[in-house]
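As structure tokens, here come the structures.
You will see two complexes here that share chain A, one where it goes with chain B and one where it goes with chain C.
Let's turn to the complex of A and B:
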């Protein structure tokens, strides 16, 4: 479990030291000097570790400067590497040349925290749009959240393609369907896509900054609203990070009920996605049928737990709703019904030749690309990466539940759909296991008061994939920084890559098979 | 009582104008049922048209006369095409002056101007739609002519009325040339009217659109006319198929009672064709756009086989 850590300690020798601020129940953490930051990443890259996230924190309230963190993952182990950046020289070595996934994390750090990644080939802002002054860094403590920002003229420098017959298709940010805003710019030759560039940030709400103005309890509500369709997984991940920080031990029943909510969220969203994938190739029959099943699940949620999407049912310290014998029976019956309804639809999906012709070989993200981009979740599992934090980094009660992870290697839209198909089956099985074994101790315990200058880390497998939270307490035990990493932050990169070699009209299908969150990415 | 041919022509145009939205409503209704949904009312297309007619037109600043006049042109041409096809009677003055080649040309005019209008504003979606539409048209039009020629070999005329009369008088559908031509015609009709599996008339995804991409910039009464013309085009292709392949019951005598029974039989045939259309649409996903060439290639092949089998077998 500490392979990555010892590798870095061996390589960097006396330069690396253990970081004792990360709460004991969290993951391992090292502090390295700024000039060895990239060396640590190179060592880890050689050992096939993946980059999970990179972020910065303003530590001036502690009398220090800034800090840049990079989180790496390999099998069961997470390793957070921290490096300190003085206020006077706000730069840090870029990891982009080792880890392509660092490319946008670093642009984001530069745009929002004002720390310059030295060696990142792309200095364009990310998330913060060009109509904000380049020197307005909202995540710094010196930036007042109430500031009314003066708009400045500016233009985004798009990647261009030139030549005879090449044309550009700007799509969005406002789309014809009811979806979130994001801009896609295609360079195309006839119908063949030469390049696709995404521009996101249209739903940047300043969530990470807003966390800092809340109490630990209030902030759980904000975490539940980072991405509305993943409300359970986000509030769970946040709550687990806070519990790690404060050393709170949860009653068993709360843990099992959380898993129940998480799996119900997974089934509902996967059903919706399967329908939406079919709808994008005009196979509307399955669209309506899958959505019918999803709707009935949501109504049961509302009936049993008081909210269709189970928003605010998970709080730091436990859960706020219980399930009684009648509820268990209702869910058990519903699962039996769901299986009866679901399997024939899967057969239709699987056996319709015209549907198969569309989804196979569309938008292939090859396994080596997925690995290079450090993809997570369904996207990674459809491209041959066996990653699932319910198995790799099991949080209770998954340490007591066996989870079968479907992994496909074709990396096309069909693989991404089929991973969902298998996960729904698996989640049905898991829910049955949960309902059989859910223990009957308490639902909620009070969380302790956080010590100053501590941090907590949590990883939860939401339906899109691994959701990371890293929280840091300030000098008075308040929230100093809350880092949110939705799976979309890395998987959006995969969409840009998978579209190469495809034709323009196949893009909506590829996009739908990824179905990444705009809100979770833009924060 | 003998009805004057010009009056028949007039009645037929009215039938076309007002039955086309009803038929579109029927297709929508059956489609909803096939997916297990509650359907909107049969009259919904009329309401949509009324809504669009009552809205203002939002016109791009750089729209030229082509963009502004195309909706009227498309609408007019489609109504004119309705005067040629024997829908309720074969006794049509216009049908005598224009044959099936003229009909294909009329649809080509409408398509040509729609494609120009798509490019007129200069948005990338419009240009993309026009390019796709013309690619498909270049394959669909010859296949369409070949299919109709296969039938006209039997009727020894390219006049639609003449073809309807000959086929209804004893030439059975079991003739291999007609069977091949019918297959070809179904594939072409799905393409020309922009239905699944070639195009998705209900989609909101700009990047996948063919016909819809060209008309994205239209609004208000312009859009209403284009939508109405589109419903009429669907209606016309179905009635064209009926007139050429299943003409039994279309009135030839020109009497009032004959017209009434002709109208009833037409409604029945349309109702059944609507169900058939929905069955095709429900069972198939939309093709990858480059598969459409293979699709229309097979339509052309079927039509050619129809002609060959006429010479070899009949």
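Let's turn to the complex of A and C:
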């Protein structure tokens, strides 16, 4: 489990030192000097590690400067590499040339924390829009969250394509359907897409900054609203990071109930997505059918646990709702009903030639592209990457549940749909196992007070994929920084790549098969 | 094809009221809604939904009023792709700084009566996101609001009720 760490220690020798301020101990952490930051990344890249996240923290409350962190993953291991950046020279070496996925993380660091990634070929702002004042860096401690943002003249430099017959289609931010806002710009020739560029950040609500004004307990509500469709997985990942930071040990029952909620969220969203994918190829029959099943699940959630999406049911220290024998029976019956209803629909999906014609070969993200972009979750598994933190980095109770991970290699819209089909089946099986096993100790324990200047890390497999939280306590044990990495932060890059060679009318389908979060990305 | 037809017949019509999961409210609101829409909007209320910064939770429930159980189309409610055809704007989220201009433009593009309904705790007052450099707070801070539908997120039933309240008393 410490292969990556040993590699970096070997390569950097005395330059790298171990950092014991990060919990849990299963995640290793090294501090390296700024000039060796990119060397560490190169070493890890050679060993096929993937970049999971890159972020910055303002450590001036501790009398230090800034810090940049990069988190790498390979099989079961997470390694966080930290480098310190002095206030007087707010720059750090870019990792973009080693890891394409660093490209947007670094633009985000530059935009929101004001640290310049030296060597990143793209200095355009990200999430921060072009009409913000250039020196507005909201994640810095010197920036007051209540500041009224001024607008300054500015223009976004879009990538252009020129030539005979090439035209541009701007879409958004207000879209035609009931979806979140974002801007897409296509360059096309006839119907063929030459290039797609995304511009996101429209729903930036200042979430990471807002965390810093909340207590650890209060902030769970915010984590549950980073991306409303993933409220369970986000509040779970946040809570686990806080529990790691405070060394809180949970009762078993709480862990198992959390998994129950997580799998129910997965099934509900996958059903919704399958319906929406079918709708985008004008197969409304399946749209209404899958959504009918989803609605029943949400009603059961409301009936048993008091909220259709299970918001605020998971808090640091445990869960706030229980399930009784009647509830167990209700879910057991519901699963039997669901299987009966679901399987015939899958057969219809599978056997319909016109549907197949649209979803196969649409929006192909090749396995090597998925790897280069460090894709996660459904998108990764549809493109040949066998990644799932329920298996790779199992958090309880998944250390006691075997999870079968479906992996396809065709990387098209069909593969992304089919991964969902299989995952619903698997989640049904997992929920049955949970209901059989759920132990009867407590639901919640108080969390301790965090020591100052420590950090906690957690990875949870939400329905879209791996969700990372990294929290850091300040000098008085308060929240100094809370880094959120939704799967969308990386997977949006995949959508841009998979669309090449497709026709414009297939974009909604490709987009839906990804179904990434805007809010979770924009924060 | 046979399979599809079989499934359709077997499923039947799930649109409520329907025991045992009936929400008695839906039928009642439905009758009133239909009445209001018939008399004031000539049987058709076109809604343009605008996400001005939400977490997507409210959108999921707005989607749900379209599903077979709530089936809002039976009351004459439908969602339109352009504000130009909209009678009503259903706006979610705290208005983010980055969406302010787009929201104002959407409002400007909507023809009268331009009914604006702010959805969710966020749409009412900024919710958990409050007011900050990035979040301007409730929808009312940016465009005039006729009615609010609180909840985090409001359930589909609450949404239908809220829409009814918003168009009731207009004209």
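The rule we apply is simple: the second predicted complex is superposed on the first by the 520 of 523 C-alpha atoms of A that agree within 3 Å, B and C clash if a C-alpha of one lies under 4 Å from a C-alpha of the other, contacts with A are read in each partner's own complex, and residues count from 1 in each chain.
Convention: contacts are C-beta pairs under 8 Å (C-beta built on N, C-alpha and C of every residue); 3 or more make two chains touch, one makes a residue touch a chain.
Everything numeric in this text was worked out from a predicted model, so none of it was measured.
Enquirer: Touch test for A:292: chain B only (first), chain C only (second), both, or neither?
Expert: In the superposition, A:292 contacts both chain B and chain C.
Enquirer: I'd like to know which partner A:504 touches here: chain B for first, chain C for second, both or neither.
Expert: Once the two structures are laid over each other on A, A:504 reaches chain B alone.
Enquirer: May I ask you to decide whether A:158 touches chain B, chain C, both, or neither, giving the answer as first, second, both or neither?
Expert: In the superposition, A:158 touches no partner, neither chain B nor chain C.
Enquirer: A:176 contacts which: chain B (first), chain C (second), both, neither?
Expert: both
Enquirer: For A:206, decide between first (touching chain B), second (touching chain C), both and neither.
Expert: After superposition on chain A, A:206 lies in contact with chain C alone.
Enquirer: Thinking of the overlay built on chain A, is A:229 touched by chain B (first), by chain C (second), by both, or by neither?
Expert: After superposition on chain A, A:229 lies in contact with chain C alone.
Enquirer: For A:282, is the partner it touches chain B (first), chain C (second), both, or none of the two (neither)?
Expert: first
Enquirer: Contact-wise, after the overlay, does A:167 reach chain B, chain C, both or neither (first, second, both, neither)?
Expert: First partner only, chain B.
Enquirer: Who wins on chain A residues touched, chain B or chain C?
Expert: C
Enquirer: Once the two structures are fitted together, what part of chain A is touched by chain B and by chain C alike?
Expert: In chain A, residues 176-177, 285, 288-289, 292 are touched by chain B and also by chain C.
Enquirer: Which chain C residues qualify as touching chain A in the complex?
Expert: Listed in rising order, the residues are 3-4, 7-8, 11, 14, 21, 49-64, 67-69, 79, 81-83, 93-94, 96-99, 102, 106, 127-135, 152-153, 155.
Enquirer: Spell out the part of chain B that touches chain A in their complex, as residue ranges.
Expert: Those residues of chain B that touch chain A are 31, 34-37, 124-125, 127-128, 131-132, 196-197, 200, 202-208, 282-291.
Enquirer: Touching chain C in the complex: which residues of chain A?
Expert: For chain A paired with chain C, touching residues are 129, 136, 138, 143-149, 173-174, 176-181, 201-207, 209-210, 221-222, 225-229, 231, 272, 285, 288-289, 291-292, 294-296, 298-299, 302, 308-309, 311, 344-345, 347-348, 351, 517-519, 522.
Enquirer: List the residues on chain A that touch chain B in their complex, please.
Expert: It comes out as residues 167-171, 175-177, 190-191, 278, 280-285, 288-289, 292, 352, 354-355, 357-358, 503-508.
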